[in-house]
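To keep things simple, chains are lettered A, B, C, D, E and F as they appear, and every chain counts its residues starting from 1.
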């Protein structure tokens, strides 16, 4: 069952490094589409500074409201290229993470944090260039009293995350790619980007999506009617 | 009735170009005041990057939740200086608009987008300098399955928008000026700015608004009592 | 009783200037911790531009929804180094404060504003470098019809604020230090920073918080169990 | 422009009484569908007691946050069968309406209230059987200081309401039928109910909507694939 | 400072019993008005069943998110006629209170609970007739790990509450009357009810508030203009 | 991957009937505790009428915003004792379910619905006694245009649900018991109830939880200090 407390798993199978590297070339929106429109976290997960961007492998943390103890436990499991991902057992916006933990996480190799709770010391984190996606920015301090878990599956901001999954985050939010599908999704994302490059050129030249995507007929079948101007529409309505 | 689907009006009467140009010189707050404190969209409509600013004429879009089909239909109606304005038939935060549509819209002459839904590819849009005001930033993809309307009156984020109305947006939000009143409102905004310039000089010199605006007597009549310090107030309360 | 209208107290005892200066050296999170984790405003109070920072003494304002009259009354009470703090009698996001009031406030010596309502003219305020923490950015104009109070105790965004208290605000939010405790809290904050500097060095060198803070034993007592890998955990669950 | 203050229109053309009577026989969902899925207020407008139900003609009120003065002005315009509908110039949840105003409104003939703000004395209103749909229940008192308008068009909770329009409200929310379309919509609603009665009988007998509405082919075309069980699906995925 | 943890005060001075009894005769809205429109909790504090009503003296509880330990400490301080009032150190909706605690509280003499967090076992509480006002209904369980305080001043849902203050709650929400003012406020509430009874009779007879309260002249001065019908208004606008 | 569209699984392995029957005897809070405090849906999932209660096996539905097509597909898979559980691909409050679908679902044997979206015809559903837990009550109609899935794993309101899992819902919300653990959890819930019965008797007799649970020593160790009265505490603070 998801949400069990008291478990710390030391070693994790991570997604294939080449797939992570290829996914890192793409944006969250592209990868989400390439997966078949799945894997996104909720829109309330926002970067603490514009332009933040990360792609790495998940170390998962399950914590309790107002308690950041498990972040210290997770620090020991972090390896180069990891992104810590924290879910809580109930809604909480306390500032569970700040510059001291960021110093520790970076020293262990972590490249970012995704936290369905609050973050603080955001000016310092921006200065360090340590990217965080969080539900809130809040200075509220936390206790270290109740154990949660590290490296068990979690539900974070509407996404299911297993340890070792790929975490990709940018200005648009956060997407999780299951490690088993990392290579396939990376290839699909690259293919999509290539395809879109051609479309972009045509649109930039002034062609319409209606023609590029061939939508005119389906729109008509779906019931869209064109009118020269508002008067023409009103006239029909009035009859 | 507002909210009818299936209608695409091709040609729109736009607000007077000179009035649009004059309104473009002012901020949203000034124009809202000059209109008699009306026309604002809700506070949740935020620019996707700081310093975003636009003034243009509205091409209106009515779409369904999770469906961005009508944005493609609207592209064909866009002319130089237009701002697309999208309302949905029910609350939705999906990422209906991204860099491909922005490329298309810009190629057609559009200068911005106001969307009561989500926006994605925000890093790319910031790079392009294409300003968007939205309810959310979210990578969530959308379908093209159900027709809405283009260039019919819409209710967008608490404002009534007719095709061709002036759309002015900046860091403070979005205001709509009905096309019939564009010139009058522009003149009132300019007059207000002139008047405020004098007030600003007096306030900058240390004069009080109480004196500049002559408020002391009305405050007293409305019941405001002055006390030298907290002790004086407490003494009176205690009696 | 908190929330009485009709009172304007002219002179206020402010927190000790040396304590204010010392507190200004610290961040909101540090000071909140140094006070024993109290005094924070709610997480929804956000700066209108990144990097905003202020430390000063409170001039308190109690206003009614949609009515910014008391800001003008407060202007007269402002002295160099003051921060205006506004609470409302009920939830409101109207743009009660803009560049004209900022011009006046600055001319009177104020160094910032904390407002549990809306703010407007934010581009101009950013240009002036006048920092504001608010609940919302909204251009909505307000009336001047109903008196509130100035320099009475207020409840602002979940914090109790007395006139003269220290207001410290940065990217993480807003904390209030009661004037009677300003020196003690400042000293505690400085001590905490010194202590944290040593911890930061150890963490930066790769030591774990588990060891720096000596958490391993208490975690075990609290029930945390370590597993080599997921298989080991699953094996135990299955037995 | 919508949202002008200072206007009180005494006499209003109301929707046809027979159409109002016919609409009163139907639920909000049915009428909303019969209109082509338009005219609903936002989901946050809730009845103050379960089972509340009203159908009448709108007297519109435009008020300012924290100010219920216009409700008294509106009382004079109420006639038998009217429903007062109040919008505010900005978001507000204050308790603008209570048992005294309900006593007055009922004495004037009003049969209910729809208010995009707060309501109080809800136990008394339930006792009186006076139905109210509101954004909030809150005891917060209001002032009488700033004029709004009565019987001008308003935007209330996402719906455009003209004086004299039909207001239908029940446990599901509130729908507005423009007076010009009242008879047409009433007829369409009645027809829909008749049609649904037949469908209901078939569904109650165990027939599936898939067959009653003939959806099987379109579902297949839209890409739905059936699998005997989860294993069959997993097998295909794994290939 | 408000929000200190680790303090349990055993004996509390309670508001005068006769004043509590008199306040119990009135509704929350009336008492809030009689105090000068202060003392209300936020609108999100709702009773767990309709018709809930309580008036008693406050035992205050300060707890941490996800931790209901202090409710057990508070049980010992409860006397006949007390209402427990719980605030948290940060936002939390966990189900801190259920039927076991209600059984204990009732056995100790408590007559209700006001909790700025979640409540559970609501069907059983309704069955017992034990009234609770809460921020949420949620089954989420809590830990007993971190000490808060009992019988220190708290900020609960926007209201300042001291131990022994009067807590009055009904369908409209919760109001706090400081114990020192209980008798005065009770008298003012009774006077207000008497005055309103006369007004109610006049309104029920069809008199208008405009005349009962003599508002016509002030409305005119404030700028309200009457028009016979919409055409008359439009005509003036058009000139 | 969770969230794939286009899949309809016909046959589902359901939780053991005896375990479902045993779980039906308990409340949501009890079962959630018996599982180790996991499995709850978010607090925003509320019953459409008080006293609603259901326990059954899940038929899962994955739908798109504003589109209720999959509810018709699901109807065919429903068996006696099933509870339909619907998740959406993005936030949506449209009224996807009403009395016609309820008629169909009941005819097929379903005993309730849990929907992370809106519900309508709530008066009729209350009349039928068909229990629904939803995110919102809204009359907003939906289309049938885009396929989702039936009987694939879903994330619904923060809970992971597999087809055939036990769904238990009452006034406190919704909890999901994985089918593999149904019997174990049922037994644990029954044991917990038995244990609590004894505790309840002791608490009802006036014993304190402090003594029943033996908390006094741990509270003291955790730092709780007792003071006779407020004066004693203030005296210590002042020294």
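Details
Just so we're on the same page, a residue touches a chain if its C-beta (ideal position, glycine included) is under 8 Å from a C-beta of that chain, and two chains touch if they have at least 3 such contacts.
Predicted model only: the values in this text are computed from it and were never measured.
Shared contact partners of chain A and chain D are B, C, E, F. Among the remaining chains, those touching chain D and also chain E are C, F. Taking shared numbers over all numbers used, the chain A to chain E interface scores over half, which places it in the same class. One of A-F, B-C or C-E repeats the interface of D-E: more than half of the contact pairs, counted by residue number, are shared by B-C. Two chain pairs, B-C and B-D, are compared here, and B-C has more C-beta pairs in contact (counted per touch definition above).
The distance from the centre of chain A to the centre of chain C, each centre being the mean of the chain's C-alpha atoms, comes to 29 Å. Chain E has its Cα centroid 38 Å from the Cα centroid of chain B. Among the residues of chain A, those touching two or more other chains are numbered 5, 37, 89, 91, 93, 138, 140, 145-146.
Chain contact topology: the protein chains form a pattern that is neither a line, a ring, a star nor a complete graph. Contact between chains, per the stated criterion, is found for A-B, A-C, A-E, A-F, B-C, B-D, B-F, C-D, C-E, D-E, D-F, E-F.
The part of chain B that touches chain F in the complex is made up of residues 64-67, 89-94, 138, 140, 143, 145-146. Touching chain F in their complex are the following residues of chain E: 5-13, 49, 69, 72-73, 75-76, 93, 95, 98-101, 103-104, 106-108, 118, 120-124, 126, 136-141, 144-147, 151-152, 163. Chain contact summary for the complex, chain C toward chain A: residues 27-29, 32-33, 37, 40, 43, 46, 50-51, 53, 170-173, 175, 196, 199-200, 203-210, 213, 215, 219, 222-230, 232-233.
Chain F makes touch with chain A in their complex at residues 1-5, 35-39, 42-43, 89, 91, 155, 158-160, 178, 181.
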